[in-house]
Structure formats: C-alpha cells, structure tokens
C-alpha cells in the first residue's frame, strides 16, 4: 500500500518537479525542529529558510537549544502524534530506530533523482540510509579534529605549528614558560571524546579507528598503536589549565582567540568564533590536522522527515530536501556554518583556507574517517564516553587501567 | 482542651513574634550572633549579587574585571536586550514571549492544582473512604520518583486524548505533578483543624461541597499562601515539563532562558545572560518577598507537621 | 473527650484494620457518599493511570532490549546485569549517598542554627528570613550559571582573591574530581537550608515558652536547652524537613546539569542523570528504565514502612 | 413513644470497640445526661445520634423514624460542642444563620429566628463580631444560639461547659436549665463528665463506663441509690466513703461488720438480701455521718481521730482516721472540730449503700 502510493507519488513528482521544481501549487508550510540557536548557526540556517520561502514555502522555526533537548522534544512529538515537518539529527545512527519504527518518510525519490549517492561520501550514504532507502538529507560535513592555534602565541613561545601529537606535547613547555595556556580544552564529555578520537585517528591512524569503532574489534585494544594513543592522551592531561572542567567549547575557543591559550582541538564550527572576533584563518590563527596521515574525522547534520499522510506535508518535506541539497544552498549555508558542503560537485574556491584544506583532504577517501556516531551505536559511544572522561579527569588513572576499562565498555555495550 | 480554633489562630499570631530569649544588653554573645547571621546572609546573597552586578556591566568591563567588581558604568542595555531582542534561533524577541507564556501556564496550573489539593486534603481528612489513604500513600511515594520516568508514557497518553503540546496539556502535567505535595499540605492542615467545626457544619446542614467552600476554604488562608507559593515557584521554575509538553506556541520562560544562555554567540554575552536570568527569577522572587511573612506563618499553622 | 479518643487511637501500637469476619460485615454498612467519591476521582485517576501506570510501564521496559524507542520483547534481567557492571551507575549511586548524607546533615545543622539564632528577637528578622529563603524561589536553571561562575577558578572567587594579592589562594572545587561533589553540596545547601530554617523556626515558635523559663530557673545553659529540650520537641518538623530534603536528593538533577554536567569525569554523576542520559541522549531506554527501576525500588523500600505507619493504615479518624 | 431510641448500637474504631450493643430510650421533652469518665463512649453515643459517626450495628430511631443512615442535616437535631466550633471567618450573625441559609429558609424567617435566639441568650450586641473577638462565655452562648435557631426537636450538648471557668460554668448551667424549661417539648441530651451538671440539669442521668450504661435513673436515685460501686464512687463530691466488711446475722437481724465496728441494717432497703457471712462494701456519703461527743451512743463507731479539717465555706470536711480506715464527714461550720480530737461516728443505715465487692452490684 505504502510503496504503491510512494511509486505514484514519485511518478507524479518526477514529472512535475523536473518541469518546475520550486513552484508548488500551494504555499507549503514546514515546521522544522533544530538546535541551531547561536548567532552563526542561525545565520547559516537562514540560507535554507530564504531559499525555501523563495520557492513558495513557509518556514515555521522551532529552535531548541541543545541537541539532546531538541532531539527529545522532536522524538516525543513524533511519538505523540504531533510531528514536525522535519527535524535535525546528527549524521549517524541516531535516527535509525525511528526509521525502523516506520515513523519517518523516506526521501528516496528526491535522492535518486538528484543522484545523491554519487555526490556524498560513502560513509554518509550508509548513515542516511535505512534498509537501502535514503531517509535523511545531509546538509554539511563537519571536520571534527582540527587543531586551531593562535599564531602570535606560538611565535612568541618560539614553536612551529604542530604536525604530530608529540609536537603538541613538546611545545607545551615553551608555551607555558611564555605564560600562556598551552592547550585549551573544554570540560564536557563530548569535548573529551572529540580530543581522544582526534588522537586516535591522528596518532593511531584510520585503520585502528575503524577496527575499534566500526568493527568492534576488541583485539585492537591490545595493539602497540592503541597503547601509544592511550599514552599520548594521558600525557595531554598535564598541559591543560585549571579552568577546564565544565567549560563550554566556545569559551575555550575564546581563550585561543584572545591569546590566552595557544591551541585548541575542535570541530570546524570553532571557526565561527574566530570569525566573530574578526580573525581570518592563515593570519591571526591557523588550523592543522595533527598526525602524519592527515586523517579527517567527518560528521555532520541531517534532517529527517517524520511520517505523515498529509499530502501537503509530504510535498513540503520533499521540497525541503530539494532545497537543502541544492548546490547554491549548500555553498551559502556551509560558508556561514564553517563546514564543508556535503556534495562534492560544488565549487569551494570561494571558501576560507581551512575549508579548502578540508575539501582537499576530502577528495582522498583514504583520509576520511567517519565520526563515531556514524559507525557505532549511541550506546557504545556513550559507554566509551564514560571511560574517556574518567581517564581524562583522573590524573591517577594510568594507561593500563584505561585500556582495561575501555575493554569492559566495548564488551558490555558493543 | 481549650478551643482549638482559638489556639490555632493564637498560634498563627504567635508565629511571627519571637519567643526566644529577650536580650538585655549588647553582649559579646549578641555581637557574635549578629556576626553569624550577617555572614550567613552574605553567603546567601552572593550569587544574586553576582548576577545583578554582571547584568549591569557592559561586556568590556566583564572581560577585564573580576566578577565582584562594581560596574563602573552601569547600564540597563543588557536588560533591554534580554527582555526584547536577544536571539534564539531565527527569532530575536528576547524572553518577553516566554514571560507571557509562563504566565498563561502559571495561572491555571496554580489555581487548579491548589484547589484540587485542597479538595483532596479536605476529603481525606474529613470524609473517610476506604482505600483513600492507600491512594494517598501511593501518591506520596510517587513524589519521590524522578519524573523523567513518567515523561514517555505521559506523552503517549496525552497524544491519545489530543492534548499533547497544548496549553491544556502542560497545565494538566503541572496539576498531576503538583498533586502529592498539595494534597499533603492540605491534608495535614485540615487534620489539625478541630473536627467539631466540621461536625457543627454537618449538623447545620452542610453537604460535602458546601462545607468545603463555605467553612473550610475561608479558614485555609495560611495554608493557601504556602500552597500558592510552592506551586508558583515550582511551575515557574519548571524546565523539562514545559519543554516536553507545552508545545512550541507555549514554551515557558525557562526554556527561552536556556535557549538564550546556551545559544553560542561568538562571544558569550554574560551580561545579557545574567539579565535574562534575573528576569526569569523575578516572579517567584517577588512572590517570596511579598508573601514571605505569611509563608512562615502558614508553615507555623501546621502546614508541614509531618 | 474527642481528643482523648483520638489520642488513645494514636497510642495504639499498630493501627491496622484487622479484617475479622465481623469487621468486614460491618464495613459493608459504612455509608458511601457520592460527592466524596466524585471529589477523589481525579486523585484516583492520577494515581492509577499516571503514577502506577507509568511505574509499571517503566518496570516492564526495563526487561526489554529497547533502544531509542520501546520494544516489547523480554530479555529477563539482562539490563540489570549490565547496570550493575556499569562503573558510572555505581559511582552515581555512591555519589547520591555521599551527597545525600552531607547535604541533609549540612542543611539541618545550618537551618537549625539559623532558626535558633533568628529566634533570639533579632532586629530585621523579616529581612534576614527572606534573604535565607530566597534561593529556594529560584531554579538552578537560573542560578546554576552564577554558581558555576563563582566556583570557576579562572573567573570566580579564586581569581578575585588572587588579584587582590593572595597569589597562592586556591579554591577550585569544581575543577577537581575529588572535591566537585562538595561544590554541589555547597550550592545545594545554599538553596535548601533556608527552607529548613523556616520549617524549624515554625517548630520553635510552637515550643511552650514556659519551658525556657523553667530551664532558666534550673540554670540550664542555652545550648543545652536547645539541644536537650527543644530539639526533641521539634522532632516532627525535623522529620518533615528531612523527608523534603530526601526527595530533593533522589531527584537531584538540575543542580548537577547546571553546574558540572556530571564532571569532571564522572565525579558528580547521579542516578537521575544516568536515567535521563540513557533515556534520551544515549538512546538506551532499556538500561535507562532499569536504572529508574532500581531507584524506584530503593525509594519504595525506604519509604513504604514510613508511609504505611504514617498514612497508610488510617481508614478515618473518629468523630 | 420515645423521642430518641437507640437500639443495640455497636461502634468500633478500627479494632477498638467503643460502644457494645448499647440501648437507651429517651422520652420526648426529657433532659437526659450522659455522665461518665473520659473514654467511656458517651460522646461517641452522642455523635452517633447526630449522625456524625456511622454505627456498625444496631439502629437509631427518632420518634417513628429510623434515622440510622440519615445524614446529620436530615435528622433535625441541633448540637452544641465543647470547643464551641464557631465558624471563624463568619460573624456571629452569620454563624447563627448558617444552618438556616443551608436549608434555604426565607430571609425574614431567618432574621426573626436569629433575633429571638439572640434575645434569649442576651447576645444581641455581639451579632456583628467575629468569634475571635468574643470571650469564652460569649462564644458558648453563640454556639447555643446557633443550635436554638434551628428549632430542632432534639438538642445535643457535647460537654458544652467544660472549657469555661467555674463561675461562667455555673452561670451557663442555669441558662441551659432555663432554656429547657422554656422549650418544654424539646428533647435534650447532654454529655458531661461533671456530676454537678448531671445532677442539676437532668431529668434522668445515664452513667456510663466501659462502653455500657451503668445506671439510668433520675438524679436523686443515682445519688442516693447508686446501682453499683462505680456509680457510687463517681457521683458525689466529696466522694462516698467505702468500708470493707461482712454481713452477719448474730441474732437474726442483718448487721454490717467491719472489725469491731457494726452497723445494724434494719433500716436498710436491700435490693437483694445477701447471705450472712458474705463480704460486703459499705458506702456512706460524708453528709450521712454524724459526729458525737464521747459517750452518747454505744452503737457509734469509735476509736477514730480527726486527721485533717478542710473548711469549705458553709461547711467543712473532716477526715477521721483509725489506722487504715479513713472516713470523710461533712460538718457544719468553718472549724467545727480540732485536728487530733477523738470522735465517734454515727452512720445512717437508711441512706447508706451496700455493694457486693466481687461484682460491684448494689445489695
């Protein structure tokens, strides 16, 4: 029944939309739940809004600060029968179950027509598909493991931008001697996870990363490489400042912006903070992928479309998907958001130095490392988070204990 | 046994006059006492002081000075921004929208839950029905269960009757979660009233609701004050329930506050955050300041005697 | 005479309705009043549907493998096995106990002290009382930011004191896993001891003033009077305050999220947050509900005897 | 036709029985006092009559009506409570008229009745005050007034004077007596633990103890011919003297003997004749003992000394003692006799009481 209807719809849509993609018969109203509440984020979102409305739709904005809050509210509303037109998730397996529960509409028609599978990274295709059909529109690629550094501070301390994690550790002493915080780190589990995974990918390599998270290979924990990762991560604990615990990522970034700290490891959204302070990549600050293999951990955001029988809503959903994935919207949105366009066929030459570097790395699939959420269950991610945060915050915990706890977490949650 | 009616009013009156030792002169002990009370007051005032100071400073001063420094050039700009123009997502309306939403949630929630609590307490105290006390015990036990546990089933239940994400829904949720403590308050208060009064009203021909409305409720002022204060505070300060049940049209002030505070602007506008925070706290604070005297009196009048 | 009867009833050791055959036959004759049933109907519905229903639903889910959305398979006690092998949950439980003991004790001591001192006919009693009480009016969604800031070594008290010239001053409770829990206790005490003060003050005002005269005549020192004579007399108020504080301990969530988010590490994790995280963030409804069930069972185990003794058995008072 | 008829009523609170198959009939226009110590069930009985406590077994009839399961408001009773139970948020006038307003009585009628009751109790000047502005005596007058306006056939008083000081109590007692005389058709049932109230007010007194009525009789009979040891001891102040002894019949006639002391029982009206040799308790009220100067009467009880003299105004209570035996004697005058004086006592057998010490029943 459903597939019949879908086929009919697809046929309809195919004929109609190819003619006049953005001219629906009636103005479509779309309520969108998301957690992009900050200035930069909402400015980026505005790029979608204006294009959607230009196409004749009406955007009803439901912004809820905090991913967990927004996702909880969205899922509750879907379950409660008061679903929005679209809602945000992180790229990954977060919405898998919602799709499995038959609570989402697929957008396979739009995706196959647009040839999405050929345009986006392979790991993303898996992440937005369920049972072979595409259920989500990916809107961006965020590099998760950029090392941002303040050029002036590094210069003053007489150190070069770090290439490896050993460089980072080595530079710390000189920076500290210059009266600055060597390494600014925020104090929330997800930030600690981001740092650990950066070390894992950069110091341990994409292969180890993959064995651990994608293959759930517990034996990977016994390797020399993992041991070295645990060791480096443990040593990083000593070069952060006292104010770290509980600090948010953007306050931390501001330490680098203002020159009180030398470096921070963060996703590319941190560029927004430098931008807001009027700084330009390559001038006041720089960005680097630490580690010889130049691995870039990629994640991003997607929008999914709750199941509905309402034809107008269905049409609005497809229109949203079309708009969000369109090349113009991709460039405009990601320019403001600080991320990389999710489709590989757009021209990135107008983007900043860091984004261009990211796009360059993206062209080599071997250097792409999917963010944990794309490959591991939320359960495993959570369990590992608990271990990482314990290790990071307990100076008396050694690498052996860390490996042992890591093993427990994988065995229980894997 | 002297008149319990008289005693309770006497007690209530006594509730605001100190009965401890009468000081004779300013001894070392007295000075120590005042010193202790003053330093305790300082401890209690500190966070409010920080919030207030910060909300009056321009960003420049916040960046440079410590949190205790007095504002050199006090300004209400942050307050204006917090109230009317701070942004969350695409909307830049400050928390004023949330304020009115909160008021719309607050008024019916408080009235309904206080009335229902009073009715429950009255029925439990004066009209024994088998099993009623077991219900009450379960209700009290329910007060201890973290309400995160109830969220999901409630969402399902509400949506099945069509009040999910509506004003009615959020009001009902507040009534449900306010019920244990409201019922407890009134039950204990009515249990402390002389039963003869109830008997007299029954002999005089009062029925269940007549006695409640015409005899009991007019006597309940002290406990009504306590109940209203607790409920206003609870409802106003709620975050999770509002976020989950209110729907996007009715999001309360705390949710808006959270949106503003956790919205990551380029540089965090601490003064706006703090001003929004203070604004959000204004209603319960005002209630406490205005009715504080009666609050203590109400508790003294037997409100929380176990 | 009414009072006498009531008192006698209350003196009975166990007030259980012994269901003798005669008793049950008699009970059948008790008048049923429709208006009473009507008035209690909302409570019955709330208790039956919301409280009991949700509890049962939670317990049921804890025996399933539910992830993001509930499924209704049956995996026995698997989730509980996982739960008790989970270091974070065990730490959460331990934290709740440590926090609970310190928080309740500190609130009671400070609240009692303030109540006694404020009862000494001090000037500006109303003002002081309001100052002590106002934190209770504010949610931690509101005040958490100020506390976090105040306790932050780089921004708050430590920095201020150091800039005032005391370079070696250290106050970084929030930053250290060993002490972060105490910072939570501090903020918790700040919020709740005013309420304890008010409750105990109400108790103090109910103590017969002749007792103080008698103690004076007998030459009993003030501290002794309060400790040995007053304290036992306001026992019921202390119980009430303790119960209220205990509710706050079990439900402890806002405070943690606002101030530490469970950190540093897992140093300040608490069970309610464990439940929330697993229900919503980690999409592990099975494990989250198992943790909720453990909380529920613990609470009920502690509460049932008290509730039963206090409220459960009275089927009505004598007229 | 009895105005109030209580038939085999049992009441229990939980597992504790309060009344056990109790029956009592009250005639129309009668003033019945339920007298007994705390916890005897007298208030429970009164409340059951009012319908404020559900009976578990038995029936209550008002006239020909079975009111066992009627609501209080439908029973047509008026009630006055110990604690007055005035509605604190209403003025005196509103307190008085509340019941009538409940019954939707016409305004003019309400006013008339309130005015009449207020006049009867002299509380007209208090009508616009709140209960908290009244003295205890005034409050109780208002409470009585509230009952009066109901024009009920049955008045129930639940220890109405217990909260008042002695003088007010006497004053209001007279007031209630007068009220009963005026409202001759009204049945009044009055609960008290004060025997003076019982004796002065009642047509009949029901003395209660341990869930049962011990004696139901006019006051004089209760006082003079108590049915058992409990009634004898409970009614009368100062208390009746009790002397343990035996019944003997040395020369045919029955004699009470305690040690050397004897009392011929020729003038005693036996309820039932005891067998000679059986144990007995003699009860004599202090005013029924005479004090003799030495040597006047050989039958007088001798060997006693004055221990303590309690002057009580019009008369004095003289405590006479010999070892274990103590007898209180009421004598006229303020200091009729000096402590330490030897006395001989004459007991009046016609006004004495004899009880079976085992069962407590009157002989």
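So that you can tell them apart, the chains are marked A, B, C and D in the order they are listed, and the count of residues begins at 1 in each.
Everything that follows uses one rule, which is that a contact is a pair of C-beta atoms (placed from the backbone, for glycine too) under 8 Å apart; a residue touches a chain by one contact, two chains touch by 3 or more.
Small disclaimer: the values here were computed from a predicted structure and weren't measured.
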| item | value |
| --- | --- |
| Steps needed, at minimum, to go from subunit A to subunit D via contacts | 2 |
| Of all other chains, the one whose Cα centre sits farthest from subunit A | D |
| Which of B-C and B-D has more C-beta contact pairs | B-C |
| Where subunit C and subunit D are represented by their mean Cα positions, the distance between them in whole Å | 53 |
| CA centroid of subunit B to CA centroid of subunit C, Å | 16 |
| Approximate Å spacing (C-alpha centroids) for the pair subunit A, subunit C | 40 |
| Sites on subunit C at which at least two other chains make contact | 2, 27, 30, 155, 315, 319 |
| Multi-chain contact sites of subunit A, meaning residues that touch two or more partners | 72, 79 |
| Junction residues of subunit B, two or more chains touched | 1, 151-152, 196, 199, 207, 258, 261 |
| Complex interface listing, subunit A residues touching subunit B | 31, 34, 36-42, 45-46, 49, 61-66, 69, 72-73, 76-77, 79-82, 248-251, 254, 272-273, 275-277 |
| Residues of subunit C touching subunit A in the complex | 67-69, 82, 85-88, 148, 152-155, 172, 174-177, 180, 259-267, 277-278, 280-284, 287 |
| Subunit C residues within the subunit B interface of the complex | 2-3, 27, 30, 32-33, 35-37, 39-40, 42-44, 46-47, 49-55, 57-58, 70, 110, 113-114, 116-122, 125-126, 128-139, 141-143, 145-147, 149-150, 155-156, 159-160, 163, 190, 194, 198-199, 201-202, 204-207, 209, 212, 222, 236-237, 239-240, 244, 246-247, 250-251, 253-254, 271-272, 275-276, 279, 285, 289, 292, 295-296, 299-300, 303-304, 307-308, 310-317, 319 |
| Interfacial residue positions of subunit A with respect to subunit C in the complex | 68, 71-72, 75, 79, 94, 96-98, 101, 103, 187-189, 241-247, 377-379, 381-383, 386, 389-394, 405, 408, 412 |
| Subunit D contact footprint on subunit B (complex, rising order) | 1-6, 9, 194, 196-197, 199-207, 210, 214-215, 218-219 |
